[in-house]
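These are the structures in question, set out in turn.
There are two complexes below, and they share chain A, which is joined by chain B in the first and by chain C in the second.
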Partner chain A sequence: MLHIVNKSPFDTGSLASVLRVAKKDGGAVLLIEDGVYAAVKNSATEASLKAAGMPVYVLQPDADARGLQSRLMEGVNMVDYGGFVDLVAGHDNVQSWL
Partner chain B sequence: MKFAIMVSEGPYTHQATDSAYQFAKAAIAKGHEITRVFFYHDGVNNGTRLTVPPQDDRHVVNRWSEIATQNNIDLVICIAAAQRRGLLDENEAKRQGKDANNIAPGFRISGLGQLVEAGIQSDRLVVFGD
Partner chain C sequence: MSDDMDFEEGGTIKKFMFVNRKAPYGTIYALEGLEVVLISAAFDQDVSLAFVDDGVFQLVKGQKTDGVEMKNFSPTYRALEGYDIEKLYVDRESLEARGLTEDDLLVDVQVMSAAEMGDMMAQQDVVISF
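Then we have the complex of A and B:
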(Lines of atoms letter the chains of each structure in order from A and count residues from 1; the text may use other names and numbers.)
(Lines give C-alpha, C1' and ligand atoms only; values in the text may rest on other atoms or scores of the structure.)
Protein backbone atom coordinates (compact mmCIF):
# COMPACT_ATOMS: atom_id res chain seq x y z
CA MET A 1 0.00 0.00 0.00
CA LEU A 2 1.13 3.53 -0.76
CA HIS A 3 0.66 5.80 2.24
CA ILE A 4 0.39 9.49 1.34
CA VAL A 5 1.08 12.00 4.12
CA ASN A 6 0.36 15.67 3.41
CA LYS A 7 0.77 17.16 6.88
CA SER A 8 3.85 18.28 8.75
CA PRO A 9 4.67 15.83 11.56
CA PHE A 10 4.75 18.90 13.80
CA ASP A 11 1.05 19.62 13.05
CA THR A 12 -0.56 16.20 13.21
CA GLY A 13 0.28 12.64 14.14
CA SER A 14 -0.57 11.17 10.74
CA LEU A 15 3.01 10.23 9.87
CA ALA A 16 3.45 8.65 13.30
CA SER A 17 0.25 6.67 12.68
CA VAL A 18 1.52 5.48 9.31
CA LEU A 19 4.83 4.36 10.76
CA ARG A 20 3.02 2.60 13.61
CA VAL A 21 0.43 0.67 11.63
CA ALA A 22 1.77 0.30 8.09
CA LYS A 23 2.79 -3.27 7.58
CA LYS A 24 6.21 -3.86 6.20
CA ASP A 25 4.87 -5.74 3.21
CA GLY A 26 6.24 -3.76 0.33
CA GLY A 27 4.40 -0.62 1.31
CA ALA A 28 5.84 2.85 0.89
CA VAL A 29 5.40 6.36 2.25
CA LEU A 30 5.00 9.38 0.00
CA LEU A 31 5.40 12.81 1.58
CA ILE A 32 3.60 15.64 -0.22
CA GLU A 33 2.58 19.24 0.62
CA ASP A 34 3.64 20.05 4.22
CA GLY A 35 4.36 16.35 4.74
CA VAL A 36 7.78 16.97 3.17
CA TYR A 37 8.95 18.65 6.40
CA ALA A 38 9.26 15.18 7.93
CA ALA A 39 12.27 14.49 5.70
CA VAL A 40 14.32 17.51 6.75
CA LYS A 41 17.84 16.50 7.74
CA ASN A 42 18.52 16.53 11.48
CA SER A 43 14.83 17.02 12.23
CA ALA A 44 13.12 15.23 15.08
CA THR A 45 11.49 12.86 12.58
CA GLU A 46 14.63 11.82 10.69
CA ALA A 47 15.35 8.85 12.94
CA SER A 48 11.81 7.50 12.77
CA LEU A 49 11.78 7.71 8.97
CA LYS A 50 15.12 5.90 8.80
CA ALA A 51 13.73 3.19 11.07
CA ALA A 52 10.49 2.90 9.09
CA GLY A 53 11.65 -0.17 7.20
CA MET A 54 9.90 0.94 4.03
CA PRO A 55 10.82 3.23 1.16
CA VAL A 56 10.18 6.93 1.72
CA TYR A 57 9.44 9.18 -1.26
CA VAL A 58 9.32 12.99 -1.26
CA LEU A 59 7.42 15.03 -3.85
CA GLN A 60 10.18 17.25 -5.19
CA PRO A 61 8.04 20.21 -6.34
CA ASP A 62 6.61 20.53 -2.82
CA ALA A 63 10.07 20.27 -1.23
CA ASP A 64 11.39 22.87 -3.71
CA ALA A 65 8.47 25.22 -2.99
CA ARG A 66 9.46 25.15 0.67
CA GLY A 67 13.17 25.73 0.00
CA LEU A 68 14.18 22.29 1.21
CA GLN A 69 16.12 21.12 -1.87
CA SER A 70 19.47 20.84 -0.11
CA ARG A 71 18.17 20.25 3.40
CA LEU A 72 16.66 16.78 3.10
CA MET A 73 17.94 13.68 4.86
CA GLU A 74 19.77 10.96 2.98
CA GLY A 75 17.96 7.81 1.98
CA VAL A 76 14.73 9.39 0.73
CA ASN A 77 13.74 9.17 -2.92
CA MET A 78 12.75 12.31 -4.79
CA VAL A 79 9.86 12.07 -7.26
CA ASP A 80 8.07 14.56 -9.49
CA TYR A 81 4.32 14.34 -10.26
CA GLY A 82 5.07 11.72 -12.92
CA GLY A 83 6.83 9.68 -10.24
CA PHE A 84 3.81 10.22 -7.95
CA VAL A 85 1.62 8.70 -10.69
CA ASP A 86 4.01 5.76 -11.08
CA LEU A 87 3.91 5.11 -7.32
CA VAL A 88 0.10 5.09 -7.31
CA ALA A 89 0.02 2.76 -10.31
CA GLY A 90 2.66 0.52 -8.77
CA HIS A 91 0.82 -0.13 -5.50
CA ASP A 92 -2.45 -2.06 -5.24
CA ASN A 93 -3.93 0.44 -2.78
CA VAL A 94 -3.44 4.09 -1.94
CA GLN A 95 -4.28 5.66 1.42
CA SER A 96 -4.19 9.41 1.99
CA TRP A 97 -3.74 10.05 5.69
CA LEU A 98 -5.73 13.29 5.96
CA MET B 1 -4.76 2.51 -15.91
CA LYS B 2 -7.96 4.19 -14.74
CA PHE B 3 -7.68 6.71 -11.92
CA ALA B 4 -10.43 8.41 -9.96
CA ILE B 5 -9.74 11.43 -7.75
CA MET B 6 -11.53 12.91 -4.77
CA VAL B 7 -10.96 16.53 -3.74
CA SER B 8 -12.32 17.71 -0.39
CA GLU B 9 -10.85 21.21 -0.14
CA GLY B 10 -11.76 24.41 -1.95
CA PRO B 11 -9.57 26.53 -4.23
CA TYR B 12 -7.18 29.16 -2.83
CA THR B 13 -7.50 27.84 0.74
CA HIS B 14 -5.43 24.70 0.67
CA GLN B 15 -2.99 22.99 -1.67
CA ALA B 16 -5.21 19.90 -2.12
CA THR B 17 -6.92 20.94 -5.36
CA ASP B 18 -3.60 22.10 -6.86
CA SER B 19 -1.98 18.78 -5.97
CA ALA B 20 -4.93 16.91 -7.45
CA TYR B 21 -4.75 18.92 -10.67
CA GLN B 22 -1.00 18.38 -11.05
CA PHE B 23 -1.50 14.67 -10.39
CA ALA B 24 -4.27 14.46 -13.00
CA LYS B 25 -2.14 16.30 -15.55
CA ALA B 26 0.84 14.02 -14.97
CA ALA B 27 -1.33 10.88 -15.14
CA ILE B 28 -2.79 11.95 -18.48
CA ALA B 29 0.69 12.77 -19.78
CA LYS B 30 1.70 9.21 -18.94
CA GLY B 31 -1.21 7.77 -20.90
CA HIS B 32 -3.47 6.96 -17.96
CA GLU B 33 -7.15 7.83 -17.86
CA ILE B 34 -8.79 10.04 -15.24
CA THR B 35 -12.35 8.75 -15.17
CA ARG B 36 -13.88 11.07 -12.63
CA VAL B 37 -13.02 13.78 -10.11
CA PHE B 38 -15.44 13.86 -7.20
CA PHE B 39 -15.61 17.16 -5.30
CA TYR B 40 -16.75 16.69 -1.73
CA HIS B 41 -17.11 18.95 1.34
CA ASP B 42 -15.47 22.37 0.64
CA GLY B 43 -14.15 20.84 -2.59
CA VAL B 44 -17.46 21.77 -4.23
CA ASN B 45 -16.18 25.37 -4.36
CA ASN B 46 -13.88 24.28 -7.19
CA GLY B 47 -16.95 24.26 -9.42
CA THR B 48 -18.32 27.83 -9.35
CA ARG B 49 -17.94 29.68 -12.63
CA LEU B 50 -18.23 33.05 -10.84
CA THR B 51 -14.66 32.76 -9.54
CA VAL B 52 -12.50 35.71 -10.64
CA PRO B 53 -8.92 35.40 -9.36
CA PRO B 54 -6.34 38.13 -10.07
CA GLN B 55 -4.91 37.89 -13.60
CA ASP B 56 -1.46 36.85 -12.43
CA ASP B 57 -2.85 33.95 -10.40
CA ARG B 58 -3.87 30.51 -11.65
CA HIS B 59 -7.56 30.04 -12.38
CA VAL B 60 -8.30 26.88 -10.45
CA VAL B 61 -11.90 26.51 -11.67
CA ASN B 62 -11.18 27.12 -15.37
CA ARG B 63 -8.20 24.81 -15.14
CA TRP B 64 -10.46 21.94 -14.07
CA SER B 65 -13.03 22.79 -16.75
CA GLU B 66 -10.34 22.80 -19.44
CA ILE B 67 -8.59 19.57 -18.48
CA ALA B 68 -11.99 17.86 -18.20
CA THR B 69 -13.15 19.01 -21.62
CA GLN B 70 -9.87 18.07 -23.29
CA ASN B 71 -9.68 14.64 -21.70
CA ASN B 72 -13.30 13.67 -21.21
CA ILE B 73 -13.15 13.70 -17.40
CA ASP B 74 -16.40 13.55 -15.43
CA LEU B 75 -16.33 16.36 -12.81
CA VAL B 76 -18.93 15.60 -10.15
CA ILE B 77 -19.95 17.89 -7.32
CA CYS B 78 -21.56 16.33 -4.24
CA ILE B 79 -25.16 17.56 -4.10
CA ALA B 80 -25.54 17.78 -0.32
CA ALA B 81 -22.23 19.62 0.07
CA ALA B 82 -23.16 21.89 -2.87
CA GLN B 83 -26.55 22.86 -1.49
CA ARG B 84 -25.02 23.87 1.84
CA ARG B 85 -22.43 26.05 0.10
CA GLY B 86 -24.56 27.68 -2.60
CA LEU B 87 -23.42 25.70 -5.63
CA LEU B 88 -26.34 25.25 -8.05
CA ASP B 89 -26.92 24.09 -11.60
CA GLU B 90 -29.94 25.16 -13.61
CA ASN B 91 -32.16 22.32 -12.43
CA GLU B 92 -31.23 22.70 -8.77
CA ALA B 93 -31.74 26.47 -8.90
CA LYS B 94 -35.23 25.91 -10.28
CA ARG B 95 -36.03 23.16 -7.83
CA GLN B 96 -34.91 25.26 -4.85
CA GLY B 97 -36.58 28.43 -6.11
CA LYS B 98 -33.29 30.34 -6.49
CA ASP B 99 -32.79 33.17 -8.97
CA ALA B 100 -29.44 32.05 -10.38
CA ASN B 101 -27.05 29.16 -10.89
CA ASN B 102 -23.26 29.17 -10.84
CA ILE B 103 -21.91 25.79 -11.90
CA ALA B 104 -18.84 25.91 -14.14
CA PRO B 105 -18.62 24.17 -17.56
CA GLY B 106 -17.72 20.50 -17.38
CA PHE B 107 -19.04 20.07 -13.83
CA ARG B 108 -22.26 18.34 -12.86
CA ILE B 109 -24.07 17.87 -9.57
CA SER B 110 -24.82 14.38 -8.32
CA GLY B 111 -24.73 12.17 -5.25
CA LEU B 112 -22.22 10.28 -3.16
CA GLY B 113 -23.00 7.11 -5.12
CA GLN B 114 -20.83 8.60 -7.87
CA LEU B 115 -17.82 8.46 -5.54
CA VAL B 116 -18.52 4.81 -4.69
CA GLU B 117 -18.98 3.99 -8.37
CA ALA B 118 -15.73 5.78 -9.25
CA GLY B 119 -13.93 3.69 -6.65
CA ILE B 120 -15.38 0.47 -8.05
CA GLN B 121 -14.86 1.26 -11.72
CA SER B 122 -11.34 2.67 -11.46
CA ASP B 123 -8.07 0.91 -10.71
CA ARG B 124 -7.10 3.51 -8.11
CA LEU B 125 -8.90 6.19 -6.12
CA VAL B 126 -6.59 8.96 -4.91
CA VAL B 127 -7.84 11.36 -2.23
CA PHE B 128 -6.64 14.96 -1.88
CA GLY B 129 -7.78 16.98 1.12
CA ASP B 130 -6.74 18.66 4.35
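Then we have the complex of A and C:
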Protein backbone atom coordinates (compact mmCIF):
# COMPACT_ATOMS: atom_id res chain seq x y z
CA MET A 1 0.00 0.00 0.00
CA LEU A 2 1.17 3.51 -0.84
CA HIS A 3 0.69 5.89 2.09
CA ILE A 4 0.43 9.55 1.08
CA VAL A 5 1.06 12.21 3.72
CA ASN A 6 0.35 15.88 2.95
CA LYS A 7 0.57 17.48 6.40
CA SER A 8 3.58 18.79 8.31
CA PRO A 9 4.69 16.24 10.93
CA PHE A 10 5.16 19.16 13.32
CA ASP A 11 1.53 20.18 12.93
CA THR A 12 -0.38 16.90 12.86
CA GLY A 13 0.22 13.27 13.76
CA SER A 14 -0.49 11.91 10.26
CA LEU A 15 3.04 10.74 9.56
CA ALA A 16 3.45 9.31 13.04
CA SER A 17 0.25 7.34 12.51
CA VAL A 18 1.46 6.01 9.17
CA LEU A 19 4.75 4.89 10.68
CA ARG A 20 2.90 3.27 13.58
CA VAL A 21 0.17 1.52 11.62
CA ALA A 22 1.38 0.82 8.08
CA LYS A 23 2.30 -2.71 7.05
CA LYS A 24 5.93 -2.44 6.05
CA ASP A 25 5.91 -5.38 3.66
CA GLY A 26 4.84 -3.91 0.32
CA GLY A 27 4.38 -0.50 1.91
CA ALA A 28 5.77 2.84 0.82
CA VAL A 29 5.41 6.43 2.02
CA LEU A 30 5.00 9.38 -0.32
CA LEU A 31 5.44 12.84 1.18
CA ILE A 32 3.66 15.66 -0.66
CA GLU A 33 2.73 19.30 0.10
CA ASP A 34 3.62 20.15 3.74
CA GLY A 35 4.38 16.46 4.31
CA VAL A 36 7.76 17.01 2.65
CA TYR A 37 8.97 18.86 5.76
CA ALA A 38 9.35 15.48 7.47
CA ALA A 39 12.40 14.75 5.31
CA VAL A 40 14.45 17.81 6.25
CA LYS A 41 17.98 16.89 7.25
CA ASN A 42 18.76 17.24 10.99
CA SER A 43 15.08 17.67 11.82
CA ALA A 44 13.34 15.98 14.71
CA THR A 45 11.57 13.67 12.24
CA GLU A 46 14.61 12.48 10.29
CA ALA A 47 15.24 9.52 12.59
CA SER A 48 11.67 8.26 12.40
CA LEU A 49 11.75 8.29 8.59
CA LYS A 50 15.11 6.49 8.59
CA ALA A 51 13.48 3.80 10.72
CA ALA A 52 10.35 3.61 8.54
CA GLY A 53 11.26 0.19 7.15
CA MET A 54 9.63 1.19 3.85
CA PRO A 55 10.78 3.24 0.89
CA VAL A 56 10.14 6.94 1.37
CA TYR A 57 9.40 9.18 -1.62
CA VAL A 58 9.30 12.97 -1.73
CA LEU A 59 7.45 14.97 -4.38
CA GLN A 60 10.16 17.20 -5.81
CA PRO A 61 8.03 20.20 -6.90
CA ASP A 62 6.64 20.51 -3.37
CA ALA A 63 10.13 20.27 -1.84
CA ASP A 64 11.44 22.89 -4.28
CA ALA A 65 8.58 25.27 -3.56
CA ARG A 66 9.50 25.15 0.13
CA GLY A 67 13.21 25.78 -0.44
CA LEU A 68 14.24 22.26 0.55
CA GLN A 69 16.24 21.27 -2.55
CA SER A 70 19.53 20.95 -0.68
CA ARG A 71 18.09 20.42 2.77
CA LEU A 72 16.70 16.88 2.54
CA MET A 73 18.01 13.80 4.35
CA GLU A 74 19.86 10.96 2.66
CA GLY A 75 17.88 7.91 1.68
CA VAL A 76 14.66 9.46 0.39
CA ASN A 77 13.69 9.11 -3.25
CA MET A 78 12.69 12.18 -5.22
CA VAL A 79 9.79 11.86 -7.66
CA ASP A 80 8.11 14.26 -10.07
CA TYR A 81 4.41 14.23 -10.97
CA GLY A 82 5.01 11.39 -13.42
CA GLY A 83 6.74 9.44 -10.65
CA PHE A 84 3.73 10.10 -8.42
CA VAL A 85 1.49 8.48 -11.02
CA ASP A 86 3.87 5.54 -11.37
CA LEU A 87 3.83 5.00 -7.60
CA VAL A 88 0.04 5.01 -7.49
CA ALA A 89 -0.15 2.63 -10.45
CA GLY A 90 2.58 0.43 -9.01
CA HIS A 91 0.85 -0.29 -5.70
CA ASP A 92 -2.24 -2.42 -5.16
CA ASN A 93 -3.90 0.35 -3.19
CA VAL A 94 -3.37 3.84 -1.87
CA GLN A 95 -4.26 5.65 1.31
CA SER A 96 -4.19 9.43 1.69
CA TRP A 97 -3.76 10.25 5.37
CA LEU A 98 -5.59 13.59 5.51
CA MET B 1 2.44 71.98 4.35
CA SER B 2 1.01 73.32 7.61
CA ASP B 3 1.28 71.43 10.85
CA ASP B 4 -2.43 70.81 11.14
CA MET B 5 -2.23 68.65 8.02
CA ASP B 6 -0.33 66.18 10.12
CA PHE B 7 -3.37 64.36 11.42
CA GLU B 8 -1.24 61.50 12.74
CA GLU B 9 0.28 63.76 15.35
CA GLY B 10 -0.97 62.93 18.78
CA GLY B 11 -2.39 59.64 17.47
CA THR B 12 -1.79 56.59 19.59
CA ILE B 13 0.89 54.20 18.42
CA LYS B 14 0.19 50.68 19.57
CA LYS B 15 2.43 47.65 19.60
CA PHE B 16 1.14 45.08 17.14
CA MET B 17 2.59 41.60 16.85
CA PHE B 18 1.72 39.20 14.06
CA VAL B 19 2.40 35.61 15.11
CA ASN B 20 3.05 33.24 12.20
CA ARG B 21 2.73 29.55 13.00
CA LYS B 22 1.92 27.94 9.64
CA ALA B 23 4.11 26.72 6.80
CA PRO B 24 3.79 28.52 3.46
CA TYR B 25 1.85 27.00 0.50
CA GLY B 26 0.14 24.11 2.33
CA THR B 27 -2.48 26.53 3.63
CA ILE B 28 -3.32 30.14 2.76
CA TYR B 29 -2.57 31.47 6.27
CA ALA B 30 1.05 32.52 5.66
CA LEU B 31 0.24 34.54 2.54
CA GLU B 32 -2.88 36.11 4.05
CA GLY B 33 -0.95 36.99 7.20
CA LEU B 34 1.73 38.68 5.15
CA GLU B 35 -0.92 40.72 3.31
CA VAL B 36 -2.29 41.95 6.62
CA VAL B 37 1.21 42.87 7.79
CA LEU B 38 1.70 44.95 4.66
CA ILE B 39 -1.64 46.68 5.21
CA SER B 40 -0.70 47.40 8.81
CA ALA B 41 2.41 49.22 7.60
CA ALA B 42 0.14 51.97 6.26
CA PHE B 43 -1.07 52.81 9.79
CA ASP B 44 2.30 53.80 11.27
CA GLN B 45 2.06 51.43 14.19
CA ASP B 46 4.84 49.62 16.06
CA VAL B 47 4.71 46.32 14.17
CA SER B 48 6.65 43.15 14.84
CA LEU B 49 6.46 39.64 13.39
CA ALA B 50 7.02 36.44 15.32
CA PHE B 51 7.76 33.10 13.67
CA VAL B 52 6.97 30.07 15.80
CA ASP B 53 6.39 26.36 15.03
CA ASP B 54 5.95 25.73 11.28
CA GLY B 55 5.90 29.50 10.75
CA VAL B 56 9.70 29.42 10.60
CA PHE B 57 9.40 27.56 7.28
CA GLN B 58 8.03 30.79 5.73
CA LEU B 59 11.53 32.28 5.90
CA VAL B 60 13.52 29.43 4.35
CA LYS B 61 15.88 30.56 1.57
CA GLY B 62 15.63 29.21 -1.95
CA GLN B 63 11.86 28.75 -2.35
CA LYS B 64 11.14 27.89 -5.95
CA THR B 65 7.48 27.49 -6.78
CA ASP B 66 7.46 27.06 -10.59
CA GLY B 67 6.75 23.34 -10.21
CA VAL B 68 3.61 23.83 -8.13
CA GLU B 69 2.36 26.84 -10.08
CA MET B 70 1.90 28.99 -6.99
CA LYS B 71 3.20 32.48 -6.28
CA ASN B 72 6.54 32.53 -4.47
CA PHE B 73 5.83 35.20 -1.89
CA SER B 74 9.04 34.72 0.09
CA PRO B 75 10.82 37.75 -1.48
CA THR B 76 8.17 39.93 0.17
CA TYR B 77 9.70 39.26 3.58
CA ARG B 78 12.84 41.00 2.36
CA ALA B 79 10.77 44.02 1.33
CA LEU B 80 9.31 44.51 4.82
CA GLU B 81 12.32 46.61 5.77
CA GLY B 82 11.19 49.16 3.19
CA TYR B 83 7.92 49.49 5.11
CA ASP B 84 9.81 50.08 8.37
CA ILE B 85 8.93 46.60 9.61
CA GLU B 86 12.24 45.43 10.96
CA LYS B 87 11.36 43.50 14.09
CA LEU B 88 11.36 39.86 13.06
CA TYR B 89 11.53 37.39 15.93
CA VAL B 90 12.18 33.66 15.47
CA ASP B 91 11.76 30.96 18.08
CA ARG B 92 15.03 29.04 18.42
CA GLU B 93 13.44 25.73 19.44
CA SER B 94 11.17 25.77 16.39
CA LEU B 95 14.17 26.26 14.11
CA GLU B 96 16.20 23.51 15.74
CA ALA B 97 13.42 20.93 15.70
CA ARG B 98 13.10 21.52 11.95
CA GLY B 99 16.81 21.10 11.19
CA LEU B 100 17.23 24.81 10.41
CA THR B 101 19.66 27.49 11.51
CA GLU B 102 19.63 31.26 11.14
CA ASP B 103 21.78 30.82 8.00
CA ASP B 104 18.88 29.03 6.30
CA LEU B 105 16.68 32.13 6.58
CA LEU B 106 16.27 34.76 3.87
CA VAL B 107 16.07 37.81 6.16
CA ASP B 108 17.92 39.09 9.20
CA VAL B 109 16.01 38.03 12.30
CA GLN B 110 16.38 37.95 16.04
CA VAL B 111 16.50 34.34 17.15
CA MET B 112 15.29 34.00 20.71
CA SER B 113 14.36 31.56 23.44
CA ALA B 114 10.77 30.66 24.27
CA ALA B 115 10.97 32.79 27.40
CA GLU B 116 12.17 35.81 25.42
CA MET B 117 9.41 35.22 22.87
CA GLY B 118 6.89 35.08 25.68
CA ASP B 119 8.19 38.38 27.04
CA MET B 120 7.85 39.99 23.60
CA MET B 121 4.28 38.77 23.30
CA ALA B 122 3.41 39.99 26.76
CA GLN B 123 4.59 43.51 25.88
CA GLN B 124 2.16 43.88 22.97
CA ASP B 125 -1.06 45.84 22.87
CA VAL B 126 -2.45 43.65 20.10
CA VAL B 127 -1.42 40.15 19.01
CA ILE B 128 -2.81 38.72 15.79
CA SER B 129 -2.21 35.08 15.00
CA PHE B 130 -2.00 33.36 11.63
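The working rule: the second predicted complex is superposed on the first by the 98 of 98 C-alpha atoms of A that agree within 3 Å, B and C clash if a C-alpha of one lies under 4 Å from a C-alpha of the other, contacts with A are read in each partner's own complex, and residues count from 1 in each chain.
Simple rule for what comes next: contacts are C-beta pairs under 8 Å (C-beta built on N, C-alpha and C of every residue); 3 or more make two chains touch, one makes a residue touch a chain.
Please read all numbers here as calculations on a predicted model, not as lab measurements.
A.B. asks: Does the chain A-based superposition show chain B and chain C clashing or fitting?
C.D. replies: fit
A.B. asks: If you stack the two complexes on chain A, which partner ends up touching A:88: first (chain B), second (chain C), both, or neither?
C.D. replies: The first partner, chain B, only.
A.B. asks: By the touch definition at the top of the document, which applies to A:61: first (chain B), second (chain C), both, or neither?
C.D. replies: Touch status of A:61: both partners.
A.B. asks: With chain A at the apex, figure out the C-alpha centre angle toward chain B and chain C and round it to a multiple of 10 degrees.
C.D. replies: 80
A.B. asks: Which chain, chain B or chain C, is in touch with more residues of chain A?
C.D. replies: When the residues of chain A touched by each partner are counted, C comes out ahead.
A.B. asks: State whether A:96 touches chain B only (first), chain C only (second), both chains, or neither.
C.D. replies: Once the two structures are laid over each other on A, A:96 reaches chain B alone.
A.B. asks: Once the structures are superposed on A, label A:33 by its partner contacts, choosing first (chain B), second (chain C), both or neither.
C.D. replies: The answer is both, since A:33 touches chain B and chain C.
A.B. asks: Applying the touch criterion given at the start, work out whether A:6 contacts chain B, chain C, both or neither, answering first, second, both or neither.
C.D. replies: A:6 contacts both chain B and chain C.
A.B. asks: To be precise, I mean the smallest distance between any C-alpha of chain B and any C-alpha of chain C in the superposed model; what is it in Å?
C.D. replies: Nearest C-alpha atoms of the two chains are 5 Å apart.
A.B. asks: Do any residues of chain A touch both chain B and chain C, and if so, which are they?
C.D. replies: Common interface on chain A, chain B vs chain C: 6, 33, 61-62, 80.
A.B. asks: Spell out the part of chain A that touches chain C in their complex, as residue ranges.
C.D. replies: Its residues touching chain C are 6-8, 10-11, 33-34, 37, 40-44, 46, 60-62, 64-71, 80.
A.B. asks: Sort out for me which residues of chain A touch chain B in the complex.
C.D. replies: Contact set of chain A toward chain B: 4, 6, 32-33, 61-62, 80-82, 84-86, 88-89, 94, 96, 98.
A.B. asks: Which part of chain B faces chain A closely enough to touch in the complex?
C.D. replies: The touching residues are 1, 3, 8, 15-16, 19, 22-23, 25-27, 29-30, 32, 123-130.
A.B. asks: Within their complex, state which residues of chain C touch chain A.
C.D. replies: Counting only chain C, the residues touching chain A are 22-27, 53-54, 57, 60-68, 70, 72, 74, 97-100, 104.
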